[in-house]
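All remarks here apply to the structure that follows.
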Amino acid sequence: MISNILLYTMIAAVISFALGQKLKAVRWSFSALFLGYVGFQLYGLYGQWGMVETHNIFSLGSINFSLNFGITKLGWFFAFFTTIINIMIWIFSIVKNMNEKEERGINFLWILLAGSNLAIFFSVDWITFFIAWEIMTWTSFFIITPGWKNSFKAANWYFILSMFGAYAMLVGIWWLYATPAIHTLNIASSIALLAKLSITAPGTVGIIIALFVLSFFAKSAVFPFHPWPAEAHAEAPDDFSPYLSGIMIKYGLYGILLFIVPLFIQIMKVNPNIAMVNGIPVYSYILAWFGAITAVLGTYLAIVSNDMKKLAAYSTVSNIGYAVTSMFILSSAGVTGGLFHVVNHAVFKSAIFLSLGAVKFRTHEREMHKLGGLATKMPITFLTFLLGIIAAAGIPPLNGYASKWIIYQALLSGHFPFLTTMIFLASTGAFLYLFRALHSIFLGQLPRKFNNVKEVPFLMQIPMILGILSMLGIGYAPGIVLKPIGLAVKAMGLTPMTVENTLMVGKLSSINTAVVSSTFIGAFFFAFAFYLIGKKRHHVEPLDNYTAGQDPEEFGLTPELYHFALKFYEPVKNIFRPIEEKLNIKNYYRALVRNANSFGATLSEMFKLSGAGSSMIFVLGLVVIILAGWML
Amino acid sequence: MKSNYAVLLIAIPLLVAFLQPLFSLINKRLTKWVTFLTIGFNFIYSLKLLNYVMANGAQIAIIGNWKPPFGINLYLSPFSMLFATIIYFVALIVLLVYLIDKPTEVDDRMSIATLLMVMASGAITLTGDIFNMFVFVEILSISTVILISFNNKGISFKGAFRYIVLASLGSSMLLLAIGFIYGSLGTLNLASIAYRFNLLNPVYASVIVFLFMAGIMVEAELFPFNAWVPEAYKGSKSYLNALLSGVVGTTGIYVLFRMFITIFGSGQNHIQVIGSVNFNAVIIVIGVLTTLIGEFSALSQKDIKKILAFSSMAQMGIIAVTIGVANMNSINAGIFHLINHAFSKSLLFIVAFPIINIVGSANIDKWEGLGRKNIFLAIAFAIGSFGLIGIPFFNGFWSKMMIVESVVSAGGWMYLVIGTILLSALVETFYFFRIIFKLFVDKKIESTYSVHIFIYLAILILSIIVIYIGIKPSFLATYIHKAAIDLVDKSHYISTVLGVIK
Amino acid sequence: MKNTQGMVNAFFAFLLVVILGIFFFNAINQPLGNGLVLNKDNPDLSKRVSIHYILKNVHNAEDYLAQHKSSYFRNRDKVKSSNLEFGKTKNAESGSANEVTSIVVNYRGFDTLGEVTVLFISILGLGMLLHENKKKYWAKPSLIVRTGANFLFPFIVLFGVYVFVHGHLTPGGGFPGGTIIASAALLLILGLKDFKNKLTMTKIIESLAGLTFAGLGLVGLFTNGSFLTNFLPSGTMGLLVSSGITALIYIAVGIKVAAELSSGIMEMNGGGEE
Amino acid sequence: MIQSTFFYTTAIILFLIGLYGVLTKRNVIKTIITLTIMETAVNLFLVTIGYVKNGTAPIFTSTISDVHKFVDPLPQALVLTSIVIGLGTTALMLSLAIRLYKKYKTLNYLEMDGEDEK
């Protein structure tokens, strides 16, 4: 069944490729419809836990390569929710790509990506997982950069870090397999065996975990891999950014939930002499700190960026930080909160990116100080963005609130005061950048050149409306999502949280979201009523406001320079500048790349020596080999 | 003895090569076709023999009616026939392109050189005598020089000269090694060397292995014996580079495999080269250094031929590592990767040929927008590089997976080795993706060059193979499995050739 | 500055060479493992495969190996051999009196085929590299050279032919014989003012000679089931007409080498008529 | 009678001289010459392997037929082959040198540049 779906995906990709550029409307609609079909099929797979499909590829020597697909609770959950979000995004991209001057012929890559997305979630052995992971990586590389030079640089950030992670995982996989006590490629059994091995060989287990964590962190942009989303999300096609931020970045978290977290839980159960901090293994605690650092760092970087897509990307980084921290608490609430936040973030962040995509679709601008006042021109987009950032800031009645509530519950009930502080700091910081973005893009004054901007076509509004509804819906009744999450958490060997549709019971307190939501919605309408009956505003031309009516172009400046959103958080930036200059990890990566290049150039000089020189290398090499050989 | 007819694989091309001057008196274009048909015959015949030895086990072909170890024999086994077949096949595809390349004054000589080169490579894989191998290595290197200088540019001559200097140095070493072998063991037959190599004083044995290594690693493109690689590739025509990489390099690595595993090696699951020196470690270090140097050097290059040259050097390094690791899985992986590399790299070189003609430059910066001009070539290039990098469901993926597995399972300091290899693989991935990206940049290219149908045919065949192996590697797996067993099973080799059981 | 670098380079090269020298001297003074040292002792031919080539008892050795298996390698000298006498022994295996010839052309004839190919292809490469070369390098011949060339030419050719026809009896053979003939061609080029390169002719001769070599091998394959088999009776050792195809092959090799080297010289002398 | 040690030593020293030349000479012709010296050295080495003290040439004549005094003929056969191969390689190298000289008007390898990067 699963293999059939994947096979159909491949066939669909081929069909899409064959349709060609002329029929771009057809191919994009076709792919969206196809994805709808996939979603329908996935829904039908619910409940068939434990089903495994095996396809032997070949065996050579002592290794047998086979593709194994199975349905786990966690996997199904991820597959289904990502597919739903994916459908939303694809409906958006139909219109987006129909109106592109030249559609880049990347539709078939999208379909392949969707297929590998499913394959990742349905793989039950590491080989399959790795294959799907690799396909996902290279397809997304070409989607991010379909021939644009800027986006190539950005995609490189993503790609190199991802491939680095992938190779780390590859070594980890084969290290697992080469360890005699484990010698399996099955994910589930490798967890159990690794946990047992941790008693006798903690070093090996530590290294294997480190390799996998490296890979997952790289994909999920956890510190120190945080630079790539800002580059890649920002430069990717506008309809792909929601996918990147909503789904792609979650694969690492899926890996952590699939492998690392259950492994730690198992180790805690079977291994009595593991070093603990606050009731969790010390490694887990360290990893949780990585999450916390990511959260704070992401927030800071979002605050100081002026590009609206970069801002949203760094916001993603910081949200990943929350989820990672929460997951590594290893308590039921922690894992549930992390998982729930993953879903919520996927929903609200894709909604935000969709609305940003809509803005860019109409205005072709990305820098916030060139925008403003679009709220009245694009009401649905505005509403989506508004609710999205409310959710991102974790304000009731939207979904972000529910997951953040659980995360705080988990952190506090596990007695992690410092982690809580970090997360709280990051969460507060979120207000700074989110509302700045809202204000700069949608509120304030409309630049003259955007006077004729219209709302996006209805087909593009549909996904945004869906996003609004699901944000509200999950915020009102988090139980819809939390119940399947409970199943997945239970499968990891934890007691799931007690939840009902509109009730969440934590260790410290419990909350009825229905009541909270109703209160907030009531308050909103109350305030809205004041707005309606209050005094009407006067319309003021932007330049009247900034330059007292004088045209800045007369003295050689542009109106944008007077925009309040320009260098909005410059003081903050100034405060942190000394630290940023020293600790900017991007510089280290850049230096690495530069050095690699010059290293290569130096090495290749060796091959340009004279004939005598190359003989010299020959003989010198031989002598060195002989001498070293005798000594070894 | 039916298997004696296998010598036709060498005799017929030689006969034809001697006849070629007569054909060239009739028409120079005719010689191209004669070469093509002869290689075609070789390919078909070797395919037949391959299936024969797959079914009936290894055979020997004796020459001059002298049985080994007294005369020269050919050893037909799954391993040697597999590689002979692949070499003939790659050559056949390359010749397809050569057929339609614009005629030159020296086509007759060139087609003889190509024919002899391919013949020599096949003979090296088949022969069971070390001096005979030396003679064919010399034919191979001389014809390679001709191939390189065919392009008739200054750099071709420079590259050819550099190559021939190193090859002469190497062949001196090889001949010294042969002298040492004959002086001690009194034989030149490979099986009988294998049979009694462990009787030698280990220090003396190490001398032989050192010299042999230096001699053959020139052809195998392994550092530090490979200084000829970039310049020679740059100087030669792009599609002929497919021969340099897919035939010369493959042959070199083949000899390393055969000599270090079967002849000089001993042991069952983990083959150790005999001698007072840990040669396995030496080869691994050489392989790792080659990979590192190759990939990083390729990163800094702009010229496609140099990039591909450095890349093939690096791949040879990876395969050398598998020779050094020398457990059953790594040998499987090495053979598999060697085959994959031959196909993918030939595809890339052949695709580069029309692209260079369309764009008018081998500089990859000028390749921008080729995908808009000719999507087929761009996709073929992508397929080739995917096969080389090891993207899932392309051929290189499986072999690279197996290499990582086998190296990791060797444990110990191999983790360092695999780390370095994967770092280099990361670099390789990067620069190939950079090229593929450039192909799809939005840019108009003005060109009147029209790509000949034969080039498309060659590209299509190789692309299909690359993808087919990627999707269904099991059909190759049976061949590789038998080849690896043939390679490792020293006593079987000896008993097949000499009739004595170790 | 440049000089210092050169000195450093030379010193470095010297160092490397010395290290390699120590390595080689060490190697030749190592005990081989069979009780001998390369540098000190005479080779024990009974431990080498060439003992059978000398005694012309390879077929007996084959049988011995088939019967006694691995103990053969310890008892090479126990293989039966018949007495060999110049001018008397009939139908000795590979009946050439010159042992080197019997190895080169008969026992290891395949190598020689390769060797001929090496020469063939390198002359071919030479021609390819120099095909644009239309310049005649030689100075005007003096009277002595002109007369001498005309006079000596037939004798040199005759001597060359003698050498390769007697290749299986006396030192020499196809390669030296061919070279001698080529030197006659060189003399002609040096000596004749209006010497015309005859590349087409040499090509044809070369092809036919090569064809003869490979063809003889193939005849062996199709009649006796093995490539390059000596399918003719080997006759009485020491006679001119003896040793089967060995003599024929050496004649073919001689002609081929003569034609090849001559054509190489002609390529250097400004190429052919084309 | 001369010991084989003498020949071995000569061969190795000759080889090393050739190698030193290859390593230090930038001139194409000199490189070729030194390579030829190396080839000669190797040939000498090979022949010495078959050298028997007080031996005779391995050729039956009406006067010599003591097979046990024959030197080993096989290395001689190998040397014959390797000489021819050396000849071929040298010829090819020399013609390459001619081409290089025509292209660059110099025989110093280091001074050959231009028209490379295109």
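Read from first to last, the chains carry the letters A, B, C and D; within each, the first residue is number 1.
In the analysis below, a residue touches a chain if its C-beta (ideal position, glycine included) is under 8 Å from a C-beta of that chain, and two chains touch if they have at least 3 such contacts.
Just so you know, these numbers come straight off a predicted model, no measurement behind them.
*Asks:* Between A-B and A-C, which chain pair shares more contacting C-beta pairs?
*Replies:* When A-C is set beside A-B, the one with more contacts is A-B.
*Asks:* Suppose every chain is reduced to the average of its Cα atoms; which one is closest to the average of all protein Cα atoms?
*Replies:* Per-chain C-alpha centroids compared to the overall one single out B.
*Asks:* How many Å are there between the centre of chain A and the centre of chain B, using C-alpha atoms for each centre?
*Replies:* Chain A and chain B have C-alpha centres separated by 44 Å.
*Asks:* Chain A to chain C: how many Å between their CA centres?
*Replies:* So the centre of chain A lies 73 Å away from the centre of chain C.
*Asks:* Taking the mean of the CA coordinates per chain, how far is chain A from chain D in Å?
*Replies:* Comparing mean C-alpha positions, chain D is 67 Å from chain A.
*Asks:* For chain C versus chain D, what separation do you get between their C-alpha means, in angstrom?
*Replies:* Whole-Å distance between the two chain centres: 15.
*Asks:* Can you list every residue of chain D that touches 2 or more other chains, as numbers and ranges?
*Replies:* If we look for residues of chain D contacting two or more partner chains, we find 15, 19, 22-24, 28, 31, 49, 74, 81, 85, 88-89, 92, 96, 99, 109.
*Asks:* Tell me, which residues of chain B touch at least two other chains?
*Replies:* Those would be 131, 135, 138, 142, 145-146, 149, 161, 165, 169, 182-183, 188.
*Asks:* Going through chain C residue by residue, note those that touch at least 2 other chains and give them in order.
*Replies:* Touching at least two other chains: 13, 16-17, 20, 23, 38, 43, 45, 48-50, 53, 108, 111, 114-115, 118, 121-122, 125, 129.
*Asks:* If each protein chain is taken as a node and each touching pair as an edge, is the resulting graph a line, ring, star, complete or other?
*Replies:* complete
*Asks:* Give every residue of chain B touching chain C within the complex, in rising order.
*Replies:* These residues of chain B touch chain C: 1, 4-5, 7-8, 11, 14-15, 17-22, 24-25, 61-67, 69-72, 105-106, 109-110, 112-113, 116, 123, 129, 131-132, 135-136, 138-139, 142-143, 145-146, 149-150, 180, 182-184, 186-189, 192, 195-196, 199-201, 203-205, 207, 498-502.
*Asks:* Which bits of chain C are touching chain B when the two form their complex?
*Replies:* By the definition above, chain C touches chain B via 23, 26-27, 30-34, 36, 38, 43, 45, 47-50, 52-53, 58, 61-62, 65-66, 69-70, 72-73, 106-111, 113-115, 117-118, 120-122, 124-125, 127-129, 131, 200, 203-204, 206-207, 210-211, 213-215, 217-218, 220-221, 224-230.
*Asks:* Which residues, counting only chain C, touch chain A once they are in their complex?
*Replies:* 12-13, 16-17, 19-20, 23
*Asks:* Under the definition above, what is the set of chain D residues touching chain A in their complex?
*Replies:* My answer: residues 19, 22-26, 28, 31, 109-110.
*Asks:* Write out the stretch or stretches of chain B touching chain A in their complex.
*Replies:* 161-162, 165-166, 169-170, 173, 206, 210, 213-214, 218, 223-225, 227-231, 276-279, 281-282, 285-286, 293, 295-301, 306, 310, 328-329, 332-333, 336, 371, 386, 391-393, 397-398, 401-402, 404-406, 408-409, 411, 415, 418-419, 422-423, 425-427, 429-430, 433-434, 436-437, 440-442, 472-474, 477, 480-481, 484
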